[in-house]
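The same chain A turns up in both complexes below, where it pairs with chain B and then with chain C.
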Partner chain A sequence: MQWMTIFKKEMLEYWRNFKWIWVPLVFILIAIMDPITTYYLPKILDTVGGLPDGAVFEMPETPPVAALMMSLTELSMFGVLVIVLTSMGLIAGERKSGVAELVLVKPVGYFTYITSKWGATLLLVWVSLIIGLLTSWYYVNLLFGDISFAALLQVIFFYGLWLTLVVSITTFVNTLFRTPGVVGFVSIAILIVMSIFNQIFSNKVTWFPNNLSSHIGDMLDSGTISGDLWGTTFIIILLIISLLFASLLTFRGKEMAN
Partner chain B sequence: MAIIKVDHLTKTFDGKYAVADLSFELSAGKCVALLGPNGAGKTTTIRMLSGLLKPSNGTISFEGMKEGGDIREHIGYLPQYPVFHSWMTGTEFLVYVGQLANLTKQQASELAQKYLERVGIADAKNQRIGKYSGGMKQRLGIAQAMIHTPQLLMLDEPVSSLDPIGRREVLTLMEELKETTTILFSTHILSDAEEVSDDLLLMHQGEIVESGSIDGLRNKHQTTKIHLAFRENVDTYLTKLREIPSISEAHLERNEIQLAVSNIDHARTDILQIASQENWPLTKFEVSRTTLEDLFMKVVKR
Partner chain C sequence: MEIVELLPILAPIIIIEAILAIVALVAWFKTDETNGPKWMWLLLIIFIGVIGPILFFIIGRRQQ
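Then we have the complex of A and B:
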């Protein structure tokens, strides 16, 4: 009951502050940006003056899978940034402004409070991801070649888990600090450290969350879901659950007023 | 009957005592003022009672609450500076917090309507809270604290930030509310406390220095004073006055003599007698009683 009350309130808030408009739009933009510029690159080069005379430049043929993967690469960069920016005030904002003082003095369980807000952000992120990737898929099919709808659904499902992890990390950091700016900074720092760690050790820790995209790429190439993809999925779900409980523990330890 | 019982409640921030070893009870149906100067620990106390801060030590027990129960179900709380979701309307916010207090949407809507009228902002119920004035926000704050009909209503400095009109309105509202609810409110203004409350808890530097009913305290701390003023030679009369047995203390303040007396009738006779015999150049003879204000000042300066 209380869970739905807070969830609905968040939905109304996202509607009133236009998050339901701009987040999906930005996701569409991020998802189609790279495939479309790649497709039109030869024409763009021509328009701006072309290559010097005599230079021979063979444009490599882009397979459809590579084009769709471009969307994921961009989403992992800018999409993640957008998610952190929109959710860095999820809990910290209410605590900083003082609304939390009115909300949490009502008999609301802290876990309800955290997970309902987390769930609301997830709905926004998943809907934006689905719209973004559907648009990208449409253009990839149009410009580069066929990818089956079933394959797209698999991509959305697995990649959505990665974004769910990003939301969970930001939610957790939200329970640590009461300034949204600090929450954003720390969340991004954590994600960067994860990314660097992955680049150095990716061969040794194949189930590390940041490897998810490359496993999804393999899935699209081979048409089968590899054990590594399931393994990474398992690790991600485990991390999400742990982060939610960690959020509860840190939140319990906090004073709800200064 | 005690509605809430506080035992050895203590709160330290970085080793400094904000509230030190507080013990008191609140009786059901009373309106109690937590009075003290700024920094006395009033807000910290109220926040601990409302569950927003964790006590460093001591216990708070609520009448009829089960072991491990949630105190928040029984209390309503208005912070000193209530902050709302400014994008919501007054009604929306009340229904929201009402549902958070385990009311159904139907109940929450009905009670929201009722309290919006009760606190007098029904006209603005569909306006965004961002457009509310300070007084309207304070009333909305009281409405949100009342929405789940708590047994104890706690208001932190409910009138301090308001202009005289808003202050008057909120005080009147509190007068009405105290008919049906137990109220604990903090203030640093004595006259507000005297106006609406039955009992006083006087706090200073994290401790309760005096408590009781307003009338009881008034009687307890009331001593009679005589003020005398002379046209000239005040000092000589001061020494003479000190020799009168019915005067326990005499001192000079702003060119007036102040006398503390044990028995006003004896003292008056003695003074007037000697004054007429020796033809003192008296310009003023005044009998006064110490007020709670004096008590407050005495406590705060100590």
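Then we have the complex of A and C:
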């Protein structure tokens, strides 16, 4: 099957340029950094010194849910940045170097080409996310208190959808421009605009994709999946599907024009 | 509070950073062409923890 062929070629490339090693490692670092520094801040301050004698420094107690949410906040910043930067050449790079033409000369459908590359990136992102959050969950249980494994699975599932949306946005922008740098810049610009929009209207548009993290936080606190969370999930899946079809349309248009 | 007591927690982070740096060095060794002088990337990978190797993986190597 052609889809699998391109998918496998992509996997091979990820091994050759070490993505399968460094992306998961970086996700682990991003996910555990904040919970660990928060826990050890008083001790680090003690060790490094600088506080006058007798200074009492009361740190507010961090509940386990808040600690796990720290990982999500960091992933939303740096994890998303890593995803955009690694996938900005996904299609644009191949078109620039002419590999895309070589592939598309063969009877490979545009949709097959786009979805197989999208799927390969998703596999890398989901595996990295799972490894990163598992490590963070381990530390949170160790340092802050219990969070059930079932809750972690829910977090991974819902948060993974957000990262899937990020990959879909980058894939779409990939079909618009030929230079990877431009793709990276425009994708990040889109994400920043979405985040600003969310900060202004988050109360009114509760189903906006960027609200996903806060709904996940509510889910962890209350133990139930709210209607808002399902609504946001629905919107995100709808956006992912439309972005894929939009990619197909622009990509086909561009390739025909050449 | 001694720095030694922080070690069990900091060890995994240090190990991950070390693996990143080693993998980046292997990749550096294997690449013929880099963006910018090749020796500069060696310095970045070795002396700037985490960020150096990541930057090298993302923008350091020239494709094909």
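Points worth noting:
Rule of thumb we're sticking to: the second predicted complex is superposed on the first by the 249 of 258 C-alpha atoms of A that agree within 3 Å, B and C clash if a C-alpha of one lies under 4 Å from a C-alpha of the other, contacts with A are read in each partner's own complex, and residues count from 1 in each chain.
Following the convention adopted for this analysis, a contact is a pair of C-beta atoms (placed from the backbone, for glycine too) under 8 Å apart; a residue touches a chain by one contact, two chains touch by 3 or more.
Given the structure is predicted, the values throughout are model-derived calculations rather than measurements.
Annotation for the three-chain superposition on chain A: chain B and chain C fit side by side. In the superposition on chain A, A:Val105 makes contact with chain B only, not with chain C.
After overlaying the two complexes on the shared chain, residue contacts for A:Asp46 are found with chain C alone; chain B is out of touch. In the superposition on chain A, A:Glu13 makes contact with chain B only, not with chain C.
In the superposed model, A:Gly93 makes contact with chain C only, not with chain B. Contact with chain C, but none with chain B, is seen for A:Leu29 once the two complexes are overlaid on the shared chain. Seen from the C-alpha centre of chain A, the directions to the centres of chain B and chain C diverge by 80°, a value given as a multiple of 10 for the model superposed on chain A.
When both complexes are overlaid on chain A, the residue A:Met1 reaches chain B alone and has no touch with chain C.
By the touch criterion defined above, A:Leu153 lies against neither chain B nor chain C after alignment on the C-alpha atoms of chain A.
With both structures placed on the common chain, the touch criterion links A:Met77 to neither chain B nor chain C.
Of the two partner chains placed by the overlay, neither chain B nor chain C lies in contact with A:Ile196.
Superposition on the common chain A brings chain B within a closest Cα-Cα distance of 5 Å of chain C. For the contact definition in use here, the residues of chain A common to its chain B contact set and its chain C contact set are 17, 97.
Residue ranges on chain A touching chain B, taken from their complex, read 1-2, 5-6, 9, 12-13, 16-17, 97-99, 101-108, 255-257. Of all residues in chain A, only 17-19, 21-22, 25-26, 28-29, 32-33, 36, 39-40, 43-44, 46-47, 82, 85-86, 89, 93, 97, 135 touch chain C in the complex they form. On the chain B side of its complex with chain A, the touching residues are 47, 50-54, 70, 72-73, 75, 77, 79, 81-85, 87-88, 92, 96-97, 99-102, 141, 144, 148. Residues of chain C touching chain A in their complex: 1-3, 5-6, 9, 12-13, 16-17, 19-20, 23-24, 26-27, 50, 53-54, 57-58, 61, 63-64.
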